[in-house]
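Shared between the two complexes below is subunit A, which has subunit B as its partner in the first and subunit C in the second.
Entry: the complex of A and B
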């Protein structure tokens, strides 16, 4: 009882947060898992069907395509998007004058509402002669190009746009990490004749390795849930070339059939895959700690 | 000091920007008083509205009704004023009914959460493709008794009773208007391409082959797209279905059919379907008349492209003539509507329409009040002075904001009402009817055969066909048969999963 009294204030402070967290996160999450095992009538549960929804979507081509595409988004995101914030952080960190300005400029895309940013980019990448990039290319004597209508290019372009939007915020986190490095290490390395690349390789990279690993797994989790970018830019086309798991989930729920059972099944599968990534990451981290 | 100065300049700039944004010219004399969240408008309603009676119709009916599709703040003043005028009349005729405007434009995705959450407007307007789904999902109110009490149930045509009712004969909505798919024409581009005859009329295509040839001339002469083809989401499949019918995908080659065991079968690989897809392929790779962004163009985008002169032709219907004209700035005299071009297998045109439906929590009194409002705005099948005045006010406002005033495609089984609608359209006509007569005559003289949508899961079918079209128009070497076979297999998977198991 004495212990309870001792902690009562702490629990009282946390209570609103716990209630809100439970109401807005855990209840919908558990409801979604439950729904995935039911035949539904919009959001009402009609009949328990076991794993039928899962079996049904595994047999559907659009799920297989969405799964492959989502991994493609992830790989492209790592290729295009992982190093960009690190470079941004390094460049801004090295800037002597106007550091605040560049930091703000890098972060501004993140402030824009996501849908508005995508609508903006759609106008940029429009294949019509009125597309902003095509207008610019026209001034250089290059004919209009199709961008978002090319099946092979659509995912890299969407990832590029996502990187533009998110890199600034990630760069700020890296900058905070870089600020924690003792400057004396750089001074000592410089005196020992280490150039910029050696300083990055032997001082900066090891110092931000853990931070980078965490941000990488967060990036994978985020890109695995990509939805509104292809929804606005391509609607998943051309020929499902840019459909993602989350967009497929949206299509099942709101695309004309109100199939919330299958939509929930897609969400659960996505969550399981991400859980797998997180477990792998944790195992890798533990091994690294043991090895250290 | 420098920083403070910079901060002040930025703050003043933002303030000015916000002030400019907030100034929407909603003040001044002549404003119509309004309640709730309705916008205040400076435009006066059309004078015809004054002919509608303001005598009390039902002093006891007490309800608050939320009406979707109310014109938003950004709508033209004439339209806002018209609706505010109607609301004033509603207030006079039904003193205990409160009308709450809702700037809600229906899509399945935005309606569902609102209906489930109890915030959907009492009245909303879905296309005819959605009522069966909404009824089966319990997302709309049963208004049979209100319709009967209002005296309009017997004016429903049987096909609408089937569309808007359930197996127990209960009715969940009423038709707003009908549409027939045809083709919108931007006459300016025809003129620029030299496609004007001796009577000064555009030399419009009558067949699908002529669409290709006309489009090529327009592309060569103007550099603009001959045809805008919205091929995103489900739109491509929607239009393709009509093209396929005209290549002969009907009867024994029907796109959907039931076999001898009652199993539903998708038939995308029939000869007419293959020819239709080869036609689409030719439009892109041989004639090169499609807009470049076809795979990301949707219905609204297609109207935008035609209305702003980036394309000369668009497969579209009579119910969307306001989109390229008043909506996108194309003058009515530069606009024409022609019948859906015929193909080697026939001349069919898709027919559909828009319904008025009611949110699931709408009670009897609210339904009666909504019907009262619909009568005031002149869309219910009554022929009396008030209805004629409302029709005239609506036509007058449409004319004022640059919408082609055209005869209706009838939604009600009432000859007198239809004749009245036509007479009003004639009176307020703002177009050269020679540019529209072929369209309206085509389905009355039998030149065109009207067809409803295919029976099952049309949105899913359109989605699969759209994916096939996207493949064909983005990859020059894509195989037509393979694309259609794949789409057929996918849709058959869906049918087997949903109805054949």
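Entry: the complex of A and C
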């Protein structure tokens, strides 16, 4: 009986936290699923319509564009957002004097609020001749360019800005991983005549492989959250060229039409894709190998 | 001829800890690589800091200069431009609002996430694993996905217009629960048992033993929460709307999407939104970077 009382008090102590998680996350997630099967008017569910919301969004140009864009975002974020921090960590790891300074400075952009950074870079990429990038290009004799209205440019630019903000912080994680490598491995490799590239290939790369695969999956998951970046930079344009799934959800729900049914359908599809990546992540976690 | 870079191989230099080691012969190839490393680092410094420097400089320009000048620096450093924008837009009110949002969120994050983690790490009542797994899954599902129904619920319960939902939302942060839990697990069980033997209730153990022992992680959670709440604007925008309680970031979001502001004032507003997090960073820089290294969470 005393034991039961103890369990009950323990649950009681955890209850506020559980209720908050329920209210802010778990219940809304389930509601999303339910709402995606309903026609909605304002905030009310009007009638059950089965898969109508899903069928209708799949028939819409902007949704298919958002799906394609998501893959484009993913590829660019692997090329830039994934590789740049690794490169940064390797480079800063090679410095002797000023290492702390370089580490700190590389981290500074991460301190800025994301929205502020986005507005700042919007001014940088401005198509006017006073846009900072155009000023710099002008010095090289290249005429002013319109970056944010070029369909092929917007996604790489958005990923580039996110990388600018996040790379320093991610590099810190890699640097911790690199610091954990047993120095004797390098020494032994040198005695065997291994140059820098061989050391990177056979010692450094395998040592951070697991960390890298975890961060890669987390990076891809983060890509699916992209929403305010294109909203602030280009409003998803030009002609939906940079619209993301989450931005489409935002537009359906809060863009004036209050189309919560379709917005939920987009959310559910995104959640299903993410669930797939989460499973991948779990598999990657289980395959951890010790390198000592 | 010896440059500063090649002196790095001197005996006085600190030991090398990267891929190139002190036992490497000082061949030309190695020297060139080290030189290249420092060149890249210099580029990184410029890339990281120049945009921030630029926007501060842009804030000294008036609209005409901002729209026509192709120079980085302003014609004159007229600080009154900053103060005028600050007063005209009444930014002080937004600063205060952000401050209110932060205070309540920090309290809520420490108490509710702490209590939940206490249950998951130390009390472990029957069936706690289900909750633990649900928290871990929440870590991988972005909260944005639940935004639409959450907004509807807040409307339905008539909670919009004030900070309450934002404060409570801080109490449902999976990263904080995980951080707290990891730290609580390292507290020796004997201390907690001894307190229980002396007749401490479970809540008393939390407030008198566990939390006081967990100051380092409380600091980290506080910094993350302050930073997160300061930067957040999507949920705050939906909750607070365009009413009197707008935080700095909500104001900036409205400015940036509705084009109701001149570009030069917008740049100054960006600077105003950057200053507190940058100050916070330089105070807690060591704590922040250390935690990223040990926990692998960027916050």
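In this section, the second predicted complex is superposed on the first by the 258 of 292 C-alpha atoms of A that agree within 3 Å, B and C clash if a C-alpha of one lies under 4 Å from a C-alpha of the other, contacts with A are read in each partner's own complex, and residues count from 1 in each chain.
By our rule, a residue touches a chain if its C-beta (ideal position, glycine included) is under 8 Å from a C-beta of that chain, and two chains touch if they have at least 3 such contacts.
Here the structure is a predicted model, which means the values were calculated and not measured.
Once the two complexes are overlaid on the shared chain, A:254 sits against subunit B and subunit C alike. In the superposition on chain A, contact of A:128 is made with both subunit B and subunit C. Once the two complexes are overlaid on the shared chain, A:78 sits clear of subunit B and of subunit C alike.
Using the contact criterion defined above for the overlaid structures, shared-chain residue A:49 touches neither subunit B nor subunit C, since it reaches no partner.
Look at A:183: by the touch rule set out above, it reaches subunit C but stays clear of subunit B.
By the touch criterion defined above, A:25 reaches subunit C but does not reach subunit B. By the touch criterion defined above, A:11 reaches subunit C but does not reach subunit B.
Touch criterion met: A:59 reaches subunit B, while subunit C stays clear of it.
Using the contact criterion defined above for the overlaid structures, shared-chain residue A:98 touches subunit C, although it does not reach subunit B.
More subunit A residues lie in contact with C than with the other chain of the pair subunit B and subunit C. Note: residues 43, 122, 128-130, 235, 254 of subunit A belong to the subunit B contact set and to the subunit C contact set alike, using the contact criterion stated above. Put simply, subunit C touches subunit A in their complex at residues 8, 13-21, 23-24, 29-30, 33-34, 37-38, 40-41, 44-45, 47-49, 51-52, 54-55, 58, 66-70, 72, 111-113, 115-116, 118-120, 123-126, 128, 131, 134-135, 137-138, 140-153, 155-156, 168-169, 171-172, 174, 177, 201-203, 206, 227, 230-231, 233-234, 238, 249, 252-253, 256-257, 263, 266-267, 270, 273-274, 277-278, 280-281, 285, 289, 292-294, 296, 298. Residues 108-109, 112, 116, 133, 136-139, 231-234, 291-296, 298, 305, 310, 457, 459-460, 463, 466-468, 470-471, 474-475, 486, 489-490, 493-494, 497 of subunit B are the ones touching subunit A in the complex. The residues of subunit A lying in touch with subunit C in their complex are 6-11, 13-14, 16-18, 20-21, 23-29, 31-32, 35, 43, 88, 90-98, 102-124, 128-130, 132, 135, 138, 164, 166, 168-170, 172-173, 175-176, 178-179, 183, 186-187, 190, 195-196, 199-200, 203-204, 221-222, 224-225, 227-228, 231-232, 235, 246, 249-250, 253-254, 260, 263-264, 267, 270-271, 274, 278, 281. Touching subunit B in their complex are the following residues of subunit A: 41-44, 56, 59-62, 122, 126-131, 144, 146, 148-151, 233-235, 237-240, 251, 254-258.
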